[in-house]
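Think of it as A, B, C and D in the order they're written, each chain with its own count starting at 1.
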């Protein structure tokens, strides 16, 4: 059953039970699909010792970067931390105050998909023969080389969708879809911020991207 | 002593145990009776593994649409808030443990929750599994609905399954005409007996049922 | 580039190059999504020594059952061959004239998904400890048991969608979606029969289920 | 002898080699120049790994929409027949070998088609890979667009990559300012030279280039 939170402070209410030590999947690719209000709420909430999974490691001084700056993130799992404006992360990393696991973007998506789909591990074609496969199990199958990758599960997923119905079905908008649908399947508790909530039945069942079963809380912002 | 339960009474018992808002898959055959006792418009959401959440009741008359069927290939209707998805997404949903409850029929269930429901083991039988093995491992709670005794009088709740297995240690509760059984780490606990006493059930099943 | 075939005999033209020995993925679950005209065309085409992948093994005397009856199918990979009206398959099987690989339905879908997604193999939670896992590699990962499953690739996929645009983007209708989108990704050549073809741009990009990249031929019937 | 090619000329050369109807991913940086020479309305279909087929040119003015960006996070427009999908589907599309062509930049390419384009190997560099490794193995043809020589004059087409690898034996052709090179089982074949002779290129690269 999905809770729809609409009152002032809904974002804070939604993340209030994130415990210290949680693994939090955070959607978005660039600004598109970034659940910035939920990230800000998580920062205010103050849970510590977090592991964060995102494609990047924060930009500028807001959103994920601001969360990192609190020092409450122990580890980040991402594909592309280093950017022109990732100075918050860069500083934490170079001074040894944050742990980094760099994962090829497709493995990152597929490892979360595996978590959501009950796959124990999978042989991936990506990364074979590279430094990112070091120490990993490799296998040749039908003449092609693969590396064994394991699921990435979240305790929470914070994602941004466009419209939800009151049951929690979600649709996205353009490339802001990115990691949202995958992360929603990979977390124990999925919280989606949206810009619109419609009555149940108002979304065409053919076009639902994330079925309500994957969504625990909807925050209307 | 109460009477043994009819199929419909078993179905009602299961439905009463399913919480509001749960996502549920009802296996083909007897488990579909459970739907008659669920609120599919505002309460429980039914999943059908051929690619739908929000499945409603069986379709009648003009509602029948050959593109809208359940896993038993019966025409059904859709409820508000339904969604469609393809087979890989549908089974990923099951296998990923997102369903709250799955209700299945069974040939046998073992005291450790092993399930046998796909194959009689007859040497000339053509094997056919469908989604049985995915359902067996694909819900937080796997409930079995069956008669407690086979036609020959033997118990279908057994120490070890003799039929080919569908899944290991996957069943959490067994709903039968003669009682509801919880599979626990300590053993099988009888929640309630119908049409028989605890001692009679111990004797007829040959199991050390816990109180 | 997707060919849209609309003339009389389009179904026959679409399957004309299926060679003997091909593996053909055939969509549908019951009557829903069954590409019956393409199956009939494949039967008329007469390619032999086929391996067919479908959820079932034919019903009655039409469609897949009629194809099996030609004796041109060497092997069928499916989850549920035995049905009340599967007498054509039953007879072939009992007389040793067709090979059968029974695969749990979720493994069937996921194995085709793996083929389409470049996954070499994956550890599945389904089938562990059962006769269908015999002889397969097993592994315990984080306390749970899995069995290793390999991709199922098709040379051809014959599927049924509802509407295509002229580029080959597809949308489906209700539970007729079933195996179509997965099979489209898993075959070298995907042929989709549809009941409607619209101009490119007429499908909402948010609602496309099978992107045109997976579709080689569209047959309007 | 013709002049060495400008970046734009290299991009044009690549575009001319991409067949009509091809599904293509252009990597971040120089490869995006290739788009200027492609017919994106009716011919080639661009994939962007953040979840779109049918990507158009860069958006300008009112077209700019923060929800519609490419893998380089540049606002773009959509072309008729576009479709959106999530990251796992997008990378499955790549990794499954469905793209016809991918064009990437490179630090180095080896004579066997090994690619190094994600990491300089500098000990203090923060590693960041993005989709580079998925793209390297994710198209039927992986084309590299680069200058043939580094700023220090060393060849970027090498016997063995000294930079950390992105993918093994994945590149099929290398387009540079001084020539187009085909990676074949027999060795590297020079298709055409620009601003240098074959012998000069052999000498400056130190490679046994085939004619």
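Definition applied: contacts are C-beta pairs under 8 Å (C-beta built on N, C-alpha and C of every residue); 3 or more make two chains touch, one makes a residue touch a chain.
Since we're looking at a predicted model, the values are computed, not measured.
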Consider the two chain pairs A-D and C-D; indicate the one with the greater count of contacting C-beta pairs.
A-D
Subunit C and subunit D, separation of their C-alpha mean positions in angstrom:
34
Give, as an integer number of Å, the spacing between the C-alpha centres of subunit D and subunit A.
29
Using mean CA coordinates as chain centres, what's the subunit A-subunit C distance in Å?
33
Could you grab the centroid distance between subunit B and subunit D? Build each centroid from C-alpha atoms only and quote it in angstrom.
53
Residues of subunit A engaged with two or more neighbouring chains
110, 113, 117-119, 124-125, 172-174, 205-206
Would you please write down the residue numbers of subunit B that are in contact with two or more other chains?
52, 78, 84-85, 92, 94-95, 137-138
Once you draw an edge for every pair of touching chains, what topology comes out, line, ring, star, complete or other?
other
Listing every touching pair of chains gives A-B, A-C, A-D, B-C, C-D
Per the contact definition, I'd like the list of subunit C residues that touch subunit D in the complex.
1, 113, 115-119, 165-167, 169, 185, 200-201, 203, 205-206, 208, 211-214
Taking the touch rule as given, give the residues of subunit C at its contact with subunit A in the complex, in rising order.
110, 114, 117-125, 139, 141-142, 144, 146, 150, 171-174, 204-207
Subunit B - residues contacting subunit A, complex:
20-21, 23, 45, 47, 52-54, 78, 80-85, 92-99, 137-138
In the complex, subunit D touches subunit A at residues 48-52, 65-70, 73, 78, 84-88, 90-92, 94-95, 114, 119, 124-134, 137-138, 164-168
Under the definition above, what is the set of subunit C residues touching subunit B in their complex?
29-33, 55, 79-83, 90, 93-94, 100, 102-110, 112-113, 124-132, 145, 172-182, 209
